[in-house]
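What follows is one structure encoded as structure tokens, with my remarks underneath.
So that you can tell them apart, the chains are marked A, B, C, D, E and F in the order they are listed, and the count of residues begins at 1 in each.
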């Protein structure tokens, strides 16, 4: 699924975060958002997901059918992991499977993608920071959506998990999916394009 | 439908895990009911007279106390974003939240009402109508409450704010509910109880529309 | 020889620590309770059985209250045990907080539901006694109110246990509540006593100790003894179950980790 | 017999208080006992699954 | 002392920023008071009779509704860890939290009480004693409430749990409070109002110790 | 301020996280905790700070006076930033200054240490993830304590802020302070020792 962004602007709390941002992402491509803190990476991702108002400009899905909205193609993984502490690890994921209409058989596989299988029946509240993050990310392995929007996905992950995430992202790109990810660390994925929000801002200032 | 049910199931399960589910609501109810006599004095006649009203006010309060976290908890841990982005229409999602709220607060209180009524010396033969009125009216509390909870998403210390937003809308439920219960319990002449019950049902039906639609609209605005 | 002494002292100390732990040892308790339980049940059965016989066939009707006085044989032992249960809870909680006695929080947790049940029974039997005596099931007077508050504290205590996932944390937190509750209990009772004299001076009925005739007192003691053994029996069973529940949790956690 | 059951007119109160006490106390005892049995079963199952993985 | 004051100042400021501080509590109070007549019917005599009790019950409820976030908010954002590690004794920290809770819920209600009393048709000359009783009794609500809030730190959906834990302890406050207010308002013969006021003061003093000590103990065990 | 840890064990939720951990940190030294997710880095830091029960073993302060407890020498910066969204950036920091008994004059400097000066009057709630983190970390520049316990301090930080943090830590070490930090990324500080919690766990198994 491709995405074309034209002259997008973002205003938060009456302050212009960025302006006139235009870019394209084609299927199979990954775009990395970089820029210093506060340059608007998270804001852009939320705008793309439809979770933040678009002040100006347009976001278009390329090759989407008439009745498909952005919510139908996007999988968003933000700063927060959307995990319920009192539910067990697998209950957490099973819920999302059911809610997004995915067969429950996938849950075990998705957990295994981030080596969480042996923790399945623990209450999610006792997980360590990185384990929580991995549980959140395992939704990527569970729900099949063409466009991933990832906000600093590697935070708190150990090396093995970063590698697992890299594998998952590579597989997603290879099957024609696309990814837009904000990050301060290098994910080690080859052939990704980078969008520096700071330079945009510089241009605007 | 599956998504709807899974959300209801999850929320009921969450409520059960963290707070003992309906049990906690009944406990609270019990405590409120028994604290009132401390406040207004132990005159049993007086208590019986105001009992239907007290039952309803306590029902209202325990709904209010739990509404607070209805969407707030989901917003704080990022779940709300994903609920909004999911394939299920947001209106259904709000309805599911309201249903699970009712299942863990309204319904247990309806079931416990006769026992509580006995504590207040209510006549036995009035219990069934009382339960009926509470059964018809209590869904409206959860449904209307969902709108308030959605409006105050993102505002910390939502507890009091929700009360302020929601209480005015609760007034009709309270009036018809009390009058339906009182007619059954205290035997008011005429058919007023039945009429109140009908009106109560109408309020509940209306909030079946207002709740999900209003709640979804409020969420969409609040999240952005 | 000389360097031996401190080492010995040290050994002795660990010995003592070890011996404290052995008596507190859940396994020891499991063994001990398995042996004692049948006797406890037998005593409970005998006490309640004989007590029931005495209270229905031997005890005479009260000269004022007639046969209704027989409710006393349920009401008063239950009321006593409701406070006995709270006493156990507080004592165990103190031990749990200060000495980290491994069995103490198990004991405190197990006592609560039993105490709550007897509080409930005291309330119900009192209410059923009240209808013929006071003309109503319920009045808001000193004893009734303070007993109700006791039930609430029990319920709050149990709710706290039910809400906190980790049993160690739950134990410590609940212990604080039990102890704080104990500080407040006499205050509640005292205050309510006073409150009553203001609002309900007339309807309060009280049967003072001396007026209970020994023909009623005897059966009462027998029933109360039976109830107490019943309490202890259930208490031990619940403690056993609680110890096993923790073992289950530990095993589950270990299998998760391993 | 009737007279005994009647208890000088206080029968319903007396019998229901004794009955409730019997039911509640039996219920408590049974619930405790069932719980104990359940825990015993769980321990046995778990120990069967991981034989001799004794706690350090 | 500086640390103590700065914590009180911060908490009051936070309450003002998010919830309009005391204003919100007064609004809530007002709404509860105005909803009760709907519940029990518009009998003015009856209302006046139960007015002191209602004022106290509403005071209790609005304290309860806000207790929820007393430590929970600080725990969720990591502030509590730093409060515990700070040089100030934890008892004083708990006291500071209770004081700011009182400043934003108890005190505004005390000040607003005469206006609310007028709504309930209470006699004018009883207002000062009513305010006195509320002034003496309301700190106990915040102080005892702090223990409940500390006990339920880290428990999600703590709102109802806190109510369960705290309400039994509120009973003496309620009883003496109502009796002191009623004596002043309804003119009961004898000096009983004064006596209740004394007892109310005693409860408040006792909770001045129990609150911080119990709260700090509860926090210490709850955080670990 | 030095620290000696002897045979420390940690049990969480009935599961042994680590056992028999012994190490020393001398003044001017930094110890980096590494290990995969769930190996107990955060748990160890909380134990050191006195925020988590010590199951077994001992933690001793070297060179502390009789009445000094760990709370008197430690500055803890955990996963959470301890920031109040409704208060402004400088109000947030001023509170901590007052609460820890630091002169209010320092607040502006501390903010500048992480280039937050120009954001001082904004409500902290509108900060971006990295800006929030920087506000949390600026307490390190504000409160003078010999022992720092840092749990993944670099999360969400941009390159400039990581450098600023590095400078701050270096200065702290040079004045005889010591640091124990858990992290998955290299902080680029020379002469630090590393404690791998995974190898400890391996030894125990």
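A few points about this structure:
Everything below uses one rule, namely that a contact is a pair of C-beta atoms (placed from the backbone, for glycine too) under 8 Å apart; a residue touches a chain by one contact, two chains touch by 3 or more.
Since the model is a prediction, treat every value here as computed from it, not as a measurement.
The minimum number of touch steps separating chain A from chain D is 2. The chains in contact with chain C and with chain F alike are A, E. The chains touching chain A as well as chain F are C.
Of all chains, F has its CA centroid at the greatest distance from the CA centroid of chain B. When chain pairs are compared by contacting C-beta pairs, B-E ranks highest.
The distance from the centre of chain E to the centre of chain F, with each centre set as the mean of the Cα atoms, comes to 37 Å. Centroids built from CA atoms put chain E at 31 Å from chain C. Rounded to whole angstrom, the centroid-to-centroid distance between chain D and chain E, based on C-alpha atoms, equals 41 Å.
Looking at chain B, residues 18-19, 24, 27, 31, 38, 41, 76, 156 sit in touch with two or more other chains.
For chain F, residues that reach two or more other chains under the stated contact definition are 13, 16, 79, 86. In chain C, the residues that touch at least two other chains are 145, 152, 155, 159, 163, 165-166, 199, 250, 252-254, 256-257. Applying the touch definition to all chain combinations yields A-B, A-C, A-F, B-C, B-E, C-D, C-E, C-F, E-F. Touching chain F in their complex are the following residues of chain C: 165-166, 168, 246, 249-250, 253-254, 256-257. On the chain C side of its complex with chain B, the touching residues are 136-141, 145, 148, 152, 155, 159, 162-163, 199-200. Chain F meets chain E in the complex at residues 49-53, 71-72, 74, 76, 78-84, 86-87, 91, 95-96, 98-101, 136, 139. Those residues of chain A whose C-beta lies close enough to touch chain F in the complex are 12-13, 35-38, 42, 79, 126-131, 133-134, 152, 155-161, 184-185. Interface residues of chain E facing chain B in the complex, by the touch rule stated above, are 15, 18-19, 24-25, 27-28, 31, 35-36, 38-41, 46, 49-50, 52-54, 56-57, 60-62, 64-66, 68-69, 73, 76, 155-157, 159-161, 163-164, 167-168, 170-171, 174-175, 178, 182.
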